[in-house]
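Heads up, the next two complexes both have subunit A, just with different partners, subunit B and then subunit C.
Now for the complex of A and B:
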């Protein structure tokens, strides 16, 4: 009886195919052959067969993968409900999902309709609701208006009188002194700030009613605490992870990551541009995939993730985020005819004529347009290679 | 609680896959295996936060080990360009 294959032997059998098989598949083969108690000879046959089947399952050169991806994402998208859904578990927060969100991602919009952040917490902040609330207060933008019962203008003294609301102060974790401190930042040389119980008197030192009025608006919107751009921060208990996290309305990733208690390894925004700027192009690619997949999953549409990955790859190929449209992937095609066939035909043709562009007829679209019998796609991609000088080796191979 | 700013290492973020700056020889070997030139790789800007963290300069090749739902670990490369 031949000896049974061990993990080490199975790994050794797969070693020559390290550059061929993906890691996960190789590990699975190892596990399965050991589990099944195969002999070394049998295991070798299994490995050979797996490699063969894997090679067969690969996409063939010349396959129109982009077209297949477009159809595979496009067709299910037509079945999407146009309704915007609520974010799972957060009733008070509306997040764009469904088709509008999908379009937003593919168009690479700079401003997202509903920017949100998922702020994860570390250590004790994740375990206690009180600690999590502290971080939430640190995040949520609190202006003077948010913590006052009334803000009035005294036109006689050119002063602004702020009556603070004790309940709101408590709620936002702000002390009257914080308000004074914020006002001190903007008061200028002539201004002065006085605190009397819960009333703050801000003598502006201005001498013009119009300027006073303008100052009044500025005071109302003055930041006392929190991060610019974050309208609301809601503490949630994540059942799956068993910890508290914060969902914010509005996003400011750089600022959020540097706040104490925030887990800088997991905290994420749904704005792809912001992520590209803060975490780099690879993180943006990962986010595109994650967000598109989430939209499709949420609608119960089963799209193979490879199609989505291809879209994300095309969008991030130049190191910058490009939209899949006129101003990006399709608009940067080298061929005039291909661009003209997509959108704004006349503009592209005229511009190309003015610049004296030459169409090399290397792509699919332009070849279809001019009616080539062989379009560079599938078997049409094959070119003949020949040696121009006999016996001089591969160095002198030329293409025709 | 004070809101003092911390220095954050973005390379630790779960969305950022492992990036490895390749030496000139390694890059050349890999390009030769693939039979392409540097410019044919996907690009990465020199101003990219990860490129900055690695100290990658235009002309460098960066190897990226992506966690992939289909392949387990997928190896990708990016050519660092000016920008």
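Now for the complex of A and C:
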């Protein structure tokens, strides 16, 4: 009658392997071991076995993981179609997918072709469509142009006359007073705004037709409600989560996160730079992984996630995002010879000579160039030495 | 060196690269005339690579592997502490 393991005992068994086994895996072992009602001895065996199997599943030191990752992503990419898809169903919201998107991610573009935000909602906002729509209206950028039937210029009085459209006001959840308020922000010292029913008269107080014209353009695009940069916000019902969420065209995380009802924990943009800035580099790494995986899945390409994780790690390990361009990860490659081997050979060599650079011959390319027969990879990176006196561990060691 | 030796860098067994490298290095010695550490005739071995493999399997080779990290850390690991698989 041996006693059964408890959670505490199981955790203690795993303690020595804390630096080997990932936390999540360790927790799973604890849970399973307790669930199965094993004895302490049995649990110890299970733990040992799990640790062994885990270590066996790791890549061996010396494996060219970067090269394998590059090929494993590169080859399927050649199979991708260049089509961009539309979002299933909902009012044709465009998303860049496929090769163009993949290139966008890897290039770490500052501006993406189709910025999208997935805005998740909190509490009752997530449960009611009406409430969700409220948030969507708060997000969607509404300009004066959006709610007017006509905007005309009165060149005699130097005024801009805006005729509001009641239907559009209703749709956008905007009151005529909001329009007046928005205009008040830009009217300046001499200007004045009057509201008469659905007509707004904005006396600019300007004295130059060109300036008036410019003001007219400014008024048309004036923000009445919503968030700058968000062209459209669509409420969607997420079947999996059983709640409403909002998809936006255009993104502005900072502004969106501070809106009431928005769940700041889950809301995400597809702009990697923006995410890195607002949510941090780890979030950006996770986003790179998610976006690349999504693009590849979309095309039915099965790429192991660890290859993608490696790329994401390489791109973000310095704490800021670096692109993977034609020269590899930007800023990498300390070797002159490796750089010279790629492009503009002479320039690289001359520059390196001027700066007095040293090549430590640590990479593959350099070693091939200088003609050494081993490259620091796989078998070539094993350092073997010989014990000159057999049996005694402290014997002098000579390089072999 | 105490008996409490632990492998701090890499797995506690020979990686396939290490194995290949050791067998290769030893086979070269044998091919150049080094005396084998196993009774070759009894085992019916002729190929230096096969002899080296047997020598490795029985951990007869007085070798040390220097496992290193790109950060500059390294650990010298005598063969006897590494499992041969």
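Following the convention adopted for this analysis, the second predicted complex is superposed on the first by the 308 of 400 C-alpha atoms of A that agree within 3 Å, B and C clash if a C-alpha of one lies under 4 Å from a C-alpha of the other, contacts with A are read in each partner's own complex, and residues count from 1 in each chain.
Note that a residue touches a chain if its C-beta (ideal position, glycine included) is under 8 Å from a C-beta of that chain, and two chains touch if they have at least 3 such contacts.
Here the structure is a predicted model, which means the values were calculated and not measured.
Asks: Regarding the shared-chain residue A:234, is it in contact with subunit B (first), subunit C (second), both, or neither?
Replies: Neither: A:234 stays clear of subunit B and subunit C.
Asks: In the superposed arrangement, does A:386 touch subunit B (first), subunit C (second), both or neither?
Replies: Once the two structures are laid over each other on A, A:386 reaches subunit C alone.
Asks: Name the contact category of A:301: first (subunit B only), second (subunit C only), both, or neither.
Replies: Touch partners of A:301: none, neither subunit B nor subunit C.
Asks: Which partner chains sit in contact with A:349 here, subunit B, subunit C, both or neither? Use first/second/both/neither.
Replies: In the superposition, A:349 contacts neither subunit B nor subunit C.
Asks: Which partner, subunit B or subunit C, is in contact with more residues of subunit A?
Replies: B
Asks: With both complexes overlaid on chain A, does A:283 touch subunit B (first), subunit C (second), both or neither?
Replies: In the superposition, A:283 contacts subunit B only.
Asks: Taking the contacts subunit A makes with subunit B in one complex and with subunit C in the other, which residues are shared?
Replies: Shared contact residues on subunit A: none.
Asks: Which residues of subunit B touch subunit A once you look at their complex with the stated criterion?
Replies: 1-10, 12-17, 19, 42-45, 48-51, 64, 66, 68-74, 78, 81, 83
Asks: Which residues of subunit A touch subunit C once you look at their complex with the stated criterion?
Replies: Residues in contact with subunit C: 55-56, 58, 60-62, 378-379, 381-391, 393-394, 397, 400.
Asks: Looking at the complex, which residues from subunit A come into contact with subunit B?
Replies: 22-25, 27, 134-135, 138, 257-261, 264-266, 268, 275, 277-283, 286-287, 305-306, 309, 313, 316-320
Asks: Once bound in the complex, which stretches of subunit C touch subunit A?
Replies: Residue positions touching the partner: 1, 9-12, 15-18, 20-22, 24-25, 62-68, 74, 76, 78.
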